[in-house]
Amino acid sequence: MSSQPKDLQGDPALPPIPRDADDDLAPRAVEARRRAWQEAAQGAAPHVFGAPVPFAAARGKIENFVGFAQVPLGIAGPMRVDTSAGVREVYVPMATTEGAMVASYSRGMRLLRSSGGVRARVLGEGLTQNPILVYQDAAEASRAAEVAARSFEDLQRIVAGTTRHGRLVALRPEVVGRRLVVSLVFTTGDAIGINMAAAATELCARELASRTGAQERYLHGQDVEKRANGRALVEGRGRRVVADATIPRAELIQRTRATPEALVAIQKSYTVGFAGLGTQNWLVQAANGIAAVMIACGQDAAYVTESATGMLDLDVDAKGDLYASAHLPCLLVGTVGGGSGQGTAAECLALLGCSGEGSANVFAEILAATVLAGDVSLMAAFASHEFVASHEKLGRNRPQG
Amino acid sequence: MSSQPKDLQGDPALPPIPRDADDDLAPRAVEARRRAWQEAAQGAAPHVFGAPVPFAAARGKIENFVGFAQVPLGIAGPMRVDTSAGVREVYVPMATTEGAMVASYSRGMRLLRSSGGVRARVLGEGLTQNPILVYQDAAEASRAAEVAARSFEDLQRIVAGTTRHGRLVALRPEVVGRRLVVSLVFTTGDAIGINMAAAATELCARELASRTGAQERYLHGQDVEKRANGRALVEGRGRRVVADATIPRAELIQRTRATPEALVAIQKSYTVGFAGLGTQNWLVQAANGIAAVMIACGQDAAYVTESATGMLDLDVDAKGDLYASAHLPCLLVGTVGGGSGQGTAAECLALLGCSGEGSANVFAEILAATVLAGDVSLMAAFASHEFVASHEKLGRNRPQG
Amino acid sequence: MSSQPKDLQGDPALPPIPRDADDDLAPRAVEARRRAWQEAAQGAAPHVFGAPVPFAAARGKIENFVGFAQVPLGIAGPMRVDTSAGVREVYVPMATTEGAMVASYSRGMRLLRSSGGVRARVLGEGLTQNPILVYQDAAEASRAAEVAARSFEDLQRIVAGTTRHGRLVALRPEVVGRRLVVSLVFTTGDAIGINMAAAATELCARELASRTGAQERYLHGQDVEKRANGRALVEGRGRRVVADATIPRAELIQRTRATPEALVAIQKSYTVGFAGLGTQNWLVQAANGIAAVMIACGQDAAYVTESATGMLDLDVDAKGDLYASAHLPCLLVGTVGGGSGQGTAAECLALLGCSGEGSANVFAEILAATVLAGDVSLMAAFASHEFVASHEKLGRNRPQG
Amino acid sequence: MSSQPKDLQGDPALPPIPRDADDDLAPRAVEARRRAWQEAAQGAAPHVFGAPVPFAAARGKIENFVGFAQVPLGIAGPMRVDTSAGVREVYVPMATTEGAMVASYSRGMRLLRSSGGVRARVLGEGLTQNPILVYQDAAEASRAAEVAARSFEDLQRIVAGTTRHGRLVALRPEVVGRRLVVSLVFTTGDAIGINMAAAATELCARELASRTGAQERYLHGQDVEKRANGRALVEGRGRRVVADATIPRAELIQRTRATPEALVAIQKSYTVGFAGLGTQNWLVQAANGIAAVMIACGQDAAYVTESATGMLDLDVDAKGDLYASAHLPCLLVGTVGGGSGQGTAAECLALLGCSGEGSANVFAEILAATVLAGDVSLMAAFASHEFVASHEKLGRNRPQG
């Protein structure tokens, strides 16, 4: 498998994804797409194409192993993304059983590509863990907070002594009654790094407890872990990414039969709904795209809970074009560790040019661009009142009415 | 594949899951578990055991199909659940790449089983959709609200005319300025039924718009869809399920080295963290178990965002035993439609005795019991400070420190 | 004191509030406004005008009484409101020490009046209390939920037997683990009625506990009481009110130097801020106006926490005019009981034509109109970048730079 | 008026508040309390005792002044607080019309005093403002974020040039799509300082906009202002204060007929309610005490929305005593500026020994101790099921049954 970045800088673009109007699941149609995959990835994807993954690929990833769940995998695109590692054109692998979804994303990607592509950038990174130490009273907790603040560099050294990939980059002690909540932020390289962070947190909490005479100590690392929450939208966790694009008015209307104003009006209406819901997910169908890419790429799909946090912004600019951005402050993804290194997951990451070390930022950027594509596409379908119709046509996976 | 319910009423229980202390991925070990699966399901699971799923199984579930993502699949249990269809003993299939997770759930299931098992019940059901109609001003929106309330039975008839499985069971109009938010609640049989509900919502919204002279109409069905939110915890969506169990003090201490009081103390500490987070997920590792079962069983994993909503309650009762309950108001799962009917998903549902029509409630109840098992297990690991250690030992899927 | 409604239907309007450009606190200036008050209220307001309130007025309202806090009181307006009791023109009494605030509200009221006035309506009413009953396990809690649902009419009778003013109008039982949360909704006439509701809740909870064999019973009436919360925006509490108005484009520009588009753009920007905050108060300065009217009118100012919940909606309509609405689902106010009946409070309510029984709806409608006036005024000040300047000029209550 | 701190260090304590069992509003009874006030404050409080406040006291605090709202004022206590300025014993002035409330606070204060008193400390301080700058796209917003971060010291100088009391102490730029949210944190001395902060924010936003070529600029200072919100609980605003106390088991039982365990059990039950509500106010009746002290002491009562944010923690310690703490991260109060300097407000602040400069921290600490006293008292009333009964007896301000 090859993973070399496809920096375009004027290069020829990826061809459209082959489709067969008669029967898109006919062997010939599937074969054509597999060839497209192979050329884009500069290598085959034998496990995606049907070869059983060997048992050994599951080592350290699961207990009581019995086999593999096989989840249908499609590709969306091509998508053009200006990433931190240069401009890339990619097909995006998505594993799902929700009919019409890959088509929706694919339509959005083509629309954004014909508009010049998406720009996406990681703006920040950090895996927060919040252990709690308990003291006799608030006075002791306050003293402990000062000790904690002064211990930052010592704790950094302790963490540095136990892991090559993780670094403690911030510490914020907060007194809540007789409890001291210690927010620790780690960087974790190209892995999500939760096990590393939990181990480091245990060390830090134990050290602080000993320095301050805590009565109780709760690793409590799980508190933000895999949990949608209000702080997520502001503080972020994992990788904080922004993706944006400008879609020329004519392009939008021609491809989706919706105007920029119609999309903006829908979003204004959404505001009423989202405010009433009390949600931190102000995107549209982010959970769909994130879950599908995560399953394809060997990510921990439980993180879709946190990752589907953010905001979609739509504006009509001075020229009447549509400006669209997706703010995704909590993308919890990795290209090292977890399920990323073997089998179909490794093949999917290779298709994105995101294999292994040095790839996590680009992977997060591609994921953010994917979310933007899906949200613009779905909003356009809402605007043109084509949403239900397209599900009627493509989604044949439901019980007959 | 067989799906007959395994009502125990005194029946012999399932045997422990075979494990191999030397190499649990050795062919012999995997084979032993596959035999256990086969006996429990009263039939083989060829696709889980390695046979490629045919392309046709993906029909209506995905576009631009290229193959299948293969996700490692393990089984946890045995778990004993008192469901609405009788007492069942099951192995629970979980697809994940997070090392130590299946072991954690499995330990919790065995603990609960040796305590007499979990009781789980669906308490309610309903798939909410909230279309928005916009009027000239609040006076017109108020008049429209009255029309909407009066139109409930007409809309029920309209919905009944388009679907056999879905029913409109409630309608609540709410005026917000000049907007009318119409909360529609559907029952959808054994399917999640979102496509059905969206189509019915479109019909209802169009009818109401026409009766009331709305200026604009937003299907807006997506507003709660796949979005963690504050209303979810109170109103619920999909299936509302409760699971509970009482774990004898001695049993808990012997199996986990943790006391009931230690678990309750941790949960009290969590309260500080969860309140500060502003989360609707007051469970512990619910997202893990839900995502893993969803992927195994052909569910739409994007729904983990909503489904991982709820509360874990732990109490020490008068006898010093641990009472534990999981409140899960938003389980969005189905045994009909979606990805449930083919390939490995169908085999996993069969293992649970939850194939097809009439099975969605039991499936939701088993899922709730699974969440309870995982949360009790993880809390006990936290209480005995064994969490990090167990990840060090089992989780070998991370980059080397 | 007179309280007769001032139904305008073509009547002459209230004169502008007299002001003195040189020294607005000069006796002559204050005297002129007091005459205006007297004419509007068709009676004097001796306590507002300086006569000490007798001790007896404090009976039942406070313990350890030592005297009266004297809070500066101004009037804003005139405001024209189309209420459920006809069109009214009023001066609105506001007690505050925040310089520039009354002027801001007054400007907004005059703007709305010259645009034809505000329309405001109570849409619903209900004081929720949520007692909790605890059972041995979830099975018993579920059975108790059924008993509770069946006991609704009995409980209504019990409540009716203890109070003339309050009625139990809804009951919703919700099982959360082994707890049963019983949402009780009361109507309370023209009083806020929290003491009545708490007493009735105690009776209902005791009765249900006895019918169902609850182990524990928590009156827990306070749980929503005086607490900003996410359910408030959707469910409402107290009186749910909508106020709206259309402001002609030319009128807005001439009076505020801001365009409709500028106000809408600010609100769009606010969305980013409010979403990130996780707030249920999507209004602008609602807390200011609500607190000031509450203090003037003898309301319980602690309710500003709940009452300042809602949404401001701004739109440019087809003619280029500004449509503005305020959604206030939780106005907790009364014209009977509490501090409403004596002293300066009674005089302020009389100025609004809202004395005693039958007035609570109109009072809530006037309050909602006041909130709308203040929010439009402040948004216009933001739009014209005059906010800081006006505080520099009017607000002389801060320490010198 | 005297404001000298009453550092106790062994001093004789304040006498109990005089009460008259027959008629507590009889002139003799009121007079006795006024003498107690006078001795505690070492000076009279003529305006509290009935003398009309002169018009001039309203200068800069209100427009269209007509007189004063007179709100019943009582005193609670004595309360003993270990503050940052030494141990103090105080009577706490509360203005309210909610019968039974002052008695409830007073009971709590006496309970805490007989347990050795409350300790309270300001842990941090900062008035946040979040202006928003808008750029062409996310790339420009990202560049602007870097400029903003680099401009911190320049902005500090600019702010320092315009105000003696305020300081810019932190700046955090956050990119959200093409918007840059600039969190600015100010310290403001003993004033709340919102006008100062708004003016400084305007300067900073204008400067940053000019340095970075922003397309639009929203002062947006109001976004957190007077708005309950989720960030408040974690980030705090104004003064962050903790108050705690340990109440000997016997003392609690004797004075309230409730056990420590009963209070802890109620709080556990509250958790279910508060989680479901999605609230940031995990205290019990905080809004009551804060509003009443704010009105008495010339504070801006609209800030009760933000100030009533926090957590009550109750624990049974190893000796069986009750540990209680109140976490109040958003106390927005001042002893300089606003309504604090004149009339009854100045007299009330003097009673607390908190007049003018150097007093804001102690005032915030006394307020936090007051909140703790009220919450412990009310929880004890709930525990002994005396809540409704006490309102029946004391609260005579409601309509008759």
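So that you can tell them apart, the chains are marked A, B, C and D in the order they are listed, and the count of residues begins at 1 in each.
Basically, a contact is a pair of C-beta atoms (placed from the backbone, for glycine too) under 8 Å apart; a residue touches a chain by one contact, two chains touch by 3 or more.
Computed from a predicted structure; not experimentally measured.
Enquirer: Leaving out chain C, how do the leftover chains split into contact groups?
Expert: one piece
Enquirer: Can you check which chain pair, A-C or A-B, has more C-beta pairs in contact?
Expert: A-B
Enquirer: Using CA atom averages as chain centres, what separation in Å is found between chain A and chain C?
Expert: Going by mean C-alpha positions, chain A sits 43 Å from chain C.
Enquirer: If you average the CA atoms of chain A and of chain D, how far apart do the two points sit, in angstrom?
Expert: 41
Enquirer: I'd like to verify one number: the distance from the centre of chain A to the centre of chain B, where each centre is the average of its C-alpha atoms, in whole angstrom.
Expert: Whole-Å distance between the two chain centres: 22.
Enquirer: Using the touch rule from the top of the page, what residues of chain B touch 2 or more other chains?
Expert: As it turns out, chain B has residues touching two or more other chains at 176-177, 179, 230-231, 234, 272, 274, 276, 278, 280, 311, 313.
Enquirer: Along chain D, where are the residues that touch chain A in the complex?
Expert: 119, 121, 123, 137-139, 141-142, 145, 174-179, 230-231, 234, 242-244, 246, 278, 311, 313, 315, 323, 325-327
Enquirer: If you look only at chain C, which of its residues touch chain A in the complex?
Expert: Those residues of chain C that touch chain A are 230, 233-234, 268, 271-272, 274-276, 278, 280, 282, 311, 313.
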